[in-house]
Amino acid sequence: MSQPPYIAVIGPGQAEPPAEAVAEAVGALVARRGGVVVTGGLGGVMAAACRGARRAGGLAVGLLPGTDRADANPHCTVALPTGIGEARNALVVRAADAVIAVSGGYGTLSEIGLALKMGLPVFGLDTWELDPWRLPGPGIRACRTPEEAVDLAFAAARR
Amino acid sequence: MSQPPYIAVIGPGQAEPPAEAVAEAVGALVARRGGVVVTGGLGGVMAAACRGARRAGGLAVGLLPGTDRADANPHCTVALPTGIGEARNALVVRAADAVIAVSGGYGTLSEIGLALKMGLPVFGLDTWELDPWRLPGPGIRACRTPEEAVDLAFAAARR
Amino acid sequence: MSQPPYIAVIGPGQAEPPAEAVAEAVGALVARRGGVVVTGGLGGVMAAACRGARRAGGLAVGLLPGTDRADANPHCTVALPTGIGEARNALVVRAADAVIAVSGGYGTLSEIGLALKMGLPVFGLDTWELDPWRLPGPGIRACRTPEEAVDLAFAAARR
Amino acid sequence: MSQPPYIAVIGPGQAEPPAEAVAEAVGALVARRGGVVVTGGLGGVMAAACRGARRAGGLAVGLLPGTDRADANPHCTVALPTGIGEARNALVVRAADAVIAVSGGYGTLSEIGLALKMGLPVFGLDTWELDPWRLPGPGIRACRTPEEAVDLAFAAARR
């Protein structure tokens, strides 16, 4: 059995309803195309992406920073406490073939940096804009809709 | 949705057919009871446990040491490259509610030590015998059959 | 013996001479005040900061992503291969009481995000400017000189 | 400047006075030969090894499991909180060229397993005896004195 595309959906653990709606749509679209959603397993954008994936019949993975599985949002198919704290951000992106950032705080910024450092494609929906004077590469590809982000992420993941 | 029990099945990446048969039976029994099988994602005992789980309709998670998903055995439902090398052994046991060791080399020994240090229950099927003069606690509970190991692991995981 | 302040000096592994001169001055100033310089152990800004610290008689720590100590720049007092890849970025900032960013690529961006997420003070010398519309807190305190950055970092580390 | 040998001294965080005396002697001998002592940074055997190294004028590194530098024993030259919990055991051995185990609980057992898995030479002073029926390689070389262990560790580290 060959592996499906894995798409990390990253964003803050506390998010406004519009950001959660976007993340839920992203999760659902990834699942409908047969992709696996990877998240940090907590609330906000992470929970919304998992909820979208599960409701669409897909798989949602949560890689938790702490040691307690009960910290996971209730929508994770697979919830894995890592016990390595913020270092788990590197695992979230390492586990992915492409990354979609929705909104974002500092943790999200770190995951964007890690993903770009690893050479992963990153697509953004109302997320950080990176300093254009500093940017060594393509950076975050800004998208307008969940459909556009998921289309581009699947195209990039296939390569 | 509350989370099912997660059972780590640990053992060497190259194993003899009898050890693989035992690991496959363990994977199948865990899956039939609704548990999630967690492994290091590679071959041998890990692949056999995943195969058993998948054939029984269950979920098999592989936490890979390297950065390439293609290293995973073909039976992982979810295959996650971690990129953290042998440090991923700590994640395999941290993600579990109970551990079943089948046969074993040095990596397995390290996972047994990590699990016991974390206070996780460890059940053994033809695996390392720990030095009785050194043992600070219950150590590995030796089992005779996959059924016995899975029964005890589920009972321990529920606590 | 109580521990001295630990200051992470973060920046790209390949840097222009002016950035290296700034990093070397930062390393020297940290060492002269009795601080320990923590870096990712490789070249560019990391090597320059270590060189500055060593020449001033101080301690320079390098936390390497790979498994080979020979990857370290020659100025590390203590060079530690971690074998955990980009996840070591979390260790570099976790080991620090304050962070000084000099220039920077994507790895540096990830360390800035991780440090701010952990609540560590971050001081910048010609580094990333963070999107002001997204910033949830103080972000990076921009400094004009190595002296200013080191003064502020020591003041923040003491708290 | 080329790097000196790094010797991990592993053992329990709570130890009897004889084990601490052995660990302190090991730390001192490593330091006198110009080696760097690497430990998990906590008490018991770890603290004793660091104390021996410091009193002999050497360097002692502590890689802590938690996020607070104040957890370190007072003899660490360099104390690094990693925040990755028991996964730091992999870093302690990965940072070393050879490993000396003194006494030992489950954490020590895990480090022995990780070191042997990584192909590192492991020397033991009154530590775990490994199941001879299971042993795939040389295992732990049992030593009778700190001098013997340090002699063999330096010879092995040089290769």
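Order of writing sets the chain letters: A, B, C and D. Residues in each chain are counted from 1.
Keep in mind that, in the parts below, a contact is a pair of C-beta atoms (placed from the backbone, for glycine too) under 8 Å apart; a residue touches a chain by one contact, two chains touch by 3 or more.
Quantities reported herein were computed from a predicted structural model and do not represent experimental measurements.
Between A-B and A-C, more C-beta contact pairs are found at A-C. Each chain gets a centre from the mean of its Cα atoms; the one farthest from the centre of subunit B is C. In whole angstrom, the spacing between the mean C-alpha positions of subunit B and subunit C is 39. Subunit A and subunit C have Cα centroids lying 28 Å from one another. Along subunit A, residues 67, 83-87, 90-91, 94 each make contact with two or more other chains.
Arrangement of the chains shown, judged by which pairs touch: all-to-all, with no pair of chains left without contact.
Against subunit C, in their complex, subunit D makes its touches with residues 1-3, 6, 36, 38, 54, 59, 61, 63, 67, 69, 72, 74-84, 90-91, 94-95, 97.
Chain contact summary for the complex, subunit A toward subunit C: residues 84-87, 89-91, 94, 104-114, 116-118, 127-131, 133-134, 136-137.
Taken in their complex, subunit B has these residues touching subunit C: 67, 83-87.
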